[in-house]
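Working notes, structure below.
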Amino acid sequence: MAPAIRRLRIAVSGLGRMGARHANHFLHRTPKAELVAAFTPAENEVVWAKENLEPWGVKIYTDYDEMLKHEGLEAVCIATVTTVHAEHTIKAIEAGKHVLCEKPLSTKLEECYQILETAKRNPHIKVMCGFSRRFDSSYLNAYDLTLKGNIGRPTVVRSQTCDKYDPSGFFVAYAEFSGGIFVDCNIHDIDLALWYFSADSKGKVLPMVKSVMAVGVTALEPDLAKHGDVDNGVGVVEFHSSQIAYFYSSRMNAPGQHDMTEIIGTKGKLVVNSNPTTGLLENHSDTGVNREIPQNYYERFEQAFVEEARQFTAVVLDNEEMPVDLVSSMEAVKIGVALQESLRTGKKIFFDQQGNKMDDARARL
Amino acid sequence: MAPAIRRLRIAVSGLGRMGARHANHFLHRTPKAELVAAFTPAENEVVWAKENLEPWGVKIYTDYDEMLKHEGLEAVCIATVTTVHAEHTIKAIEAGKHVLCEKPLSTKLEECYQILETAKRNPHIKVMCGFSRRFDSSYLNAYDLTLKGNIGRPTVVRSQTCDKYDPSGFFVAYAEFSGGIFVDCNIHDIDLALWYFSADSKGKVLPMVKSVMAVGVTALEPDLAKHGDVDNGVGVVEFHSSQIAYFYSSRMNAPGQHDMTEIIGTKGKLVVNSNPTTGLLENHSDTGVNREIPQNYYERFEQAFVEEARQFTAVVLDNEEMPVDLVSSMEAVKIGVALQESLRTGKKIFFDQQGNKMDDARARL
Amino acid sequence: MAPAIRRLRIAVSGLGRMGARHANHFLHRTPKAELVAAFTPAENEVVWAKENLEPWGVKIYTDYDEMLKHEGLEAVCIATVTTVHAEHTIKAIEAGKHVLCEKPLSTKLEECYQILETAKRNPHIKVMCGFSRRFDSSYLNAYDLTLKGNIGRPTVVRSQTCDKYDPSGFFVAYAEFSGGIFVDCNIHDIDLALWYFSADSKGKVLPMVKSVMAVGVTALEPDLAKHGDVDNGVGVVEFHSSQIAYFYSSRMNAPGQHDMTEIIGTKGKLVVNSNPTTGLLENHSDTGVNREIPQNYYERFEQAFVEEARQFTAVVLDNEEMPVDLVSSMEAVKIGVALQESLRTGKKIFFDQQGNKMDDARARL
Amino acid sequence: MAPAIRRLRIAVSGLGRMGARHANHFLHRTPKAELVAAFTPAENEVVWAKENLEPWGVKIYTDYDEMLKHEGLEAVCIATVTTVHAEHTIKAIEAGKHVLCEKPLSTKLEECYQILETAKRNPHIKVMCGFSRRFDSSYLNAYDLTLKGNIGRPTVVRSQTCDKYDPSGFFVAYAEFSGGIFVDCNIHDIDLALWYFSADSKGKVLPMVKSVMAVGVTALEPDLAKHGDVDNGVGVVEFHSSQIAYFYSSRMNAPGQHDMTEIIGTKGKLVVNSNPTTGLLENHSDTGVNREIPQNYYERFEQAFVEEARQFTAVVLDNEEMPVDLVSSMEAVKIGVALQESLRTGKKIFFDQQGNKMDDARARL
């Protein structure tokens, strides 16, 4: 018996690592969504899709534009390589499809502006950048407590993204397109800082960046230097609102993925994932007490991705406001790109109260 | 487009608290299952089902026997009140349906035997008692490590089931049918002890109980005494295989649900949930560092229930062996019932090597 | 310049492992005590004392009775083998010396009575059994919170003493004199149960034991059976006051010493040392996150022993009440001995409200 | 009987909060030291000393120069206000006394140089700055593991010093002389970074600072701005050896003192005090699971201060090398002062490979 339920007809663009996961989430774990189509230009991904999606009634496309014409299609989840995020997002909006775009919107600020402009011209279309951590229950609890004033004014955010070391050299090749460690990894942390700091105004005012500064080293992968990138980065961001965020990212965390965040307020502090762990098991042996930690981002945030899919779906169906603000997502790219520039030049970079980068002469006044 | 996938057509019997959850799991979170029907005799549950299940194509029945005749039905998940578990299970088996029955199979040992006999007469039918903890990732990891010999020979199991205090008096009324705290709560812990101890023989040999002894108090609910029950119980079970399990159960845990288990071997110890927590958030305030814990069994084990549904479905579809052995599930009831008797009489109860209870005279030899 | 401070002149009897530590604590870490003498019959301990105590002005004796005559001696700390605890304690009391005696007072209940009688006849002499855990800051905090009513009525105590496995076979030889695992290890846990349960009456009423029951296995040291002992024991003690304590002890804990205690009340629970750790260091490596734990009892409780010495000294100097009640210390032995008997016979043992053991016939009424 | 033991005759200068503690440590908890004298210019401290030190044979002075002439005096522990650290240290060295000086040596770099020069001219005199954390067992274990190569090359150090909020306004008045939050609080963290990074060369090479950058806010105490100080500071220090340290300090940590450090290497990470706690007690109540944390620096590091006194004493008596290198202690001040300057000016500050600060023009090349 076919469901009499109104479900959102969605497609996934890109079936790589994250794309395949998104497809599964919409297909099997988002009751109110119906995955109707998927696009990938990669042959091996088409093979996977024929086996894993087609039998469930999902139509597979190798041409993105064709897919956008799929009958009844209402929304697209974009999980292609970062370099085409912007193009696919803009096309989808113009075709009248709601968009959930993987982070970052783009590694180029100009492209972010174009997305924003396109979205403004199509106000009935919902566009959200998929900052998955915002849908993790611990991060959500922290936000609710911050909103309620439990920690007073959120003043300092510390946040880190640390990947397990991958000896295959993957990160070096990846660095060519990733936008660099601050744009690829710390973009999550930057987004969180913007989110938690904005809780001070109940989410109404986005804090304005005042200065950024970054340093880094290539401890294990000297070849990263070719792309102006590092495997360990430290960044500090000041806001005009007397709030400070500082970040750490690493590609060499030995036990696995360790992302953590502290929101420090005038009356208290909320800490998410100070003690990383895979589950609730501890192993007492003659070497001491041991626990394992998630091996990658997905092991840590699987439920958050599922929740992201559910909330995106619900928001579109109910015509409500997107939980992640698009301007904030662009601001995150702006800060990430500036940190990357500071890393490269060794200079501290200043912004005026309107959000414009100040040249050296002005900054020195 | 309708899926071309072979899915298990399943029904849920009983739509109370757990029944409604099972229905949702099979409907939305078990891709290879298709929830086709549901039975409940309760009017308010019918209302819920009309709103939440029927629109998804699920047929609602108020007569269990009628539901068993639903066309194409292959399996039933039984989540009615414990007192009809056995009857529904036996009827389903005899109607040729595979069965996933909520724990315990029955609070009466005689009924467990009847289920077992019925199952033996219908060897092509899969029957599993839903000991959900066995599908929790931390418990599963612990089992794998035990199987691999990481802790040497599993020798002692400590396990507890502690519910948040419910001031409504619910537990008092519930005690009339629950079978008592050892049969209702510690049945999980008993099942775990049987499971982990059997890992010593790679799962081939179920340990044989040698003696049981229990004590308890009614600290907050003196009326429990009417049903011969307590709100805090301690039980100790010896096995003929020189293994010992000891249990604690409580109905008055202040912060919430705290179930935990230690598997102690000759070379190490595995501890599941020594540090209960809702998630990964800690709150640093002027009263110290605080974290919340799950408020009930479902908050703690939601993923395990989903995994249970998935594994049951996969096992039936692939015609493999059930992950929870039916004889073991009956043995758990036997031990639970004996603990309850020991609690009531104050006596230690002995069993011979064949599993028969010894009368006092023989036990004293 | 010699101090003008009034200090307690104390001697230590026995300079084995714990005796040498006690000597050091009184010599160097108890400002208001002056270690003036030490006794040991063992030649190697005399050598150690000549090197480590004599240069600090401590007189070394090889005859206990002679030491008791040391001019100005006011108190004795008894840390000899358990078998002479009672004899030394009684002699010291009769010589007018205050006594701090290592636990247990004796493994024989009759000897405990003799100590008690002797103490009663000499009411101006202070006698305390050194239950060191009572001087640990975490246990003390737990007691204060229990006294204040934070957890409501203390109802259930769970407590364990787990030693690191010693492959030398030491425990087997030791079992001949130790009194067995419940008298040697769990005596601490029994003492803690008596202490925390008595907090219900602000320390005025000692709970009366109603029944005891114990089981055990020899998992690694089958030779323990020669002495009627085990390397893993579980014991349960009921009190007439509707309070229950249950204990676990082990000689095979892989990572080190893990002693822990839960005090469970009608409104909350206090947990001491659920997460054993040597200090505040965690090691994140490619095998996960690891921490070490104390290797033995002294590593865990060193500060408690020092505090015990300080409090004993202060109490004698100020003529106040001993922090550990002597009757309670004897009751702990009584319960420990009964658990050991239950372990040996397999029987549950009952006590009447006056504290007398009931024979089987009476117990069965 | 007077000890026949060779003990170090030491005096304490300054009997304020830390001075009184140092006096007690040398008097009662450092067996091989003999506290013979103490100096304080403060009347209330003299009263305290008459009551607490004099009866133990300690001579009290109100003139520092007089105290230095105390017969037989061999060493001085300097715990006066920071502003006279340098003067007292230099005088003591010139009088032929070994010196343990509280941190920092001075808030003025010039004075640090003078101490260093004086020490060089008196090579037989031992001089150590009391960086107490280096004597904490967890920090020591982390150093040993780093030395052994467990974490590969130490590459990044994160370290924080967070004080409990003191609503009395103490910190504002204190800021006038403290040198600022980076010199007063993070000086410990800077010292630790120098220590752990130097482990890469087995302690032979001190890493050379390349750049420093700091930001901060006054979240609770706007009056700190009068002294150019903040109540929350973030600082980043690059070294020419491709190592990075980043620091956080706060005066508003709600639950108490939370100092923590991560040493991140190419193969692993050591974390000290990620989970602050007062002891081993957890409180499970209807608001969740709670633990307290130390209320101040001394509660956290008491044992480290005692160990510092013992090691200083042992090193002097045995004529060995001081565990904390004096050049490193001066370098810590240099970095702290530079961070403070960066905080004030908003500029990043650069140093050449010889350790000289570069002016803007050179830095921009």
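Miscellaneous remarks
As written, the chains take the letters A, B, C and D, and residue 1 is the first residue of each chain.
Note that a residue touches a chain if its C-beta (ideal position, glycine included) is under 8 Å from a C-beta of that chain, and two chains touch if they have at least 3 such contacts.
To keep track of the chains, here are their UniProt names: A, B, C, D = NAD(P)-binding protein.
Because the structure is predicted, anything quoted here is derived from the model rather than measured.
The fewest steps needed to get from subunit A to subunit C, moving only between touching chains, is 1.
Listed by label, the chains touching subunit C and subunit D alike are A, B. The greatest centre-to-centre gap from subunit A, using C-alpha centroids, is found for C.
Of all residue numbers used where subunit B meets subunit C, over half belong to both copies. The two sides are thus made of the same residues.
Our note on geometry: subunit B versus subunit D, Cα centroid distance of 57 Å, whole angstroms. Chain geometry summary: the mean Cα position of subunit A and that of subunit D are 41 Å apart.
Contacts with at least two other chains are made by residues 253-255, 267-269, 274-275, 284-286 of subunit B.
Residues of subunit B touching subunit C in their complex: 153, 155-156, 158, 211, 213, 215-220, 232, 234, 236, 238, 242-244, 246, 248, 250, 252-255, 264, 266-269, 274-275, 346-348.
Here subunit C touches subunit A in the complex through residues 253-256, 258, 275-277, 284-293, going by the rule given at the top.
Of all residues in subunit C, those touching subunit D in their complex are 1-5, 27-29, 31, 36, 55-59, 137-138, 141-142, 145, 150-151, 267-275, 278-286.
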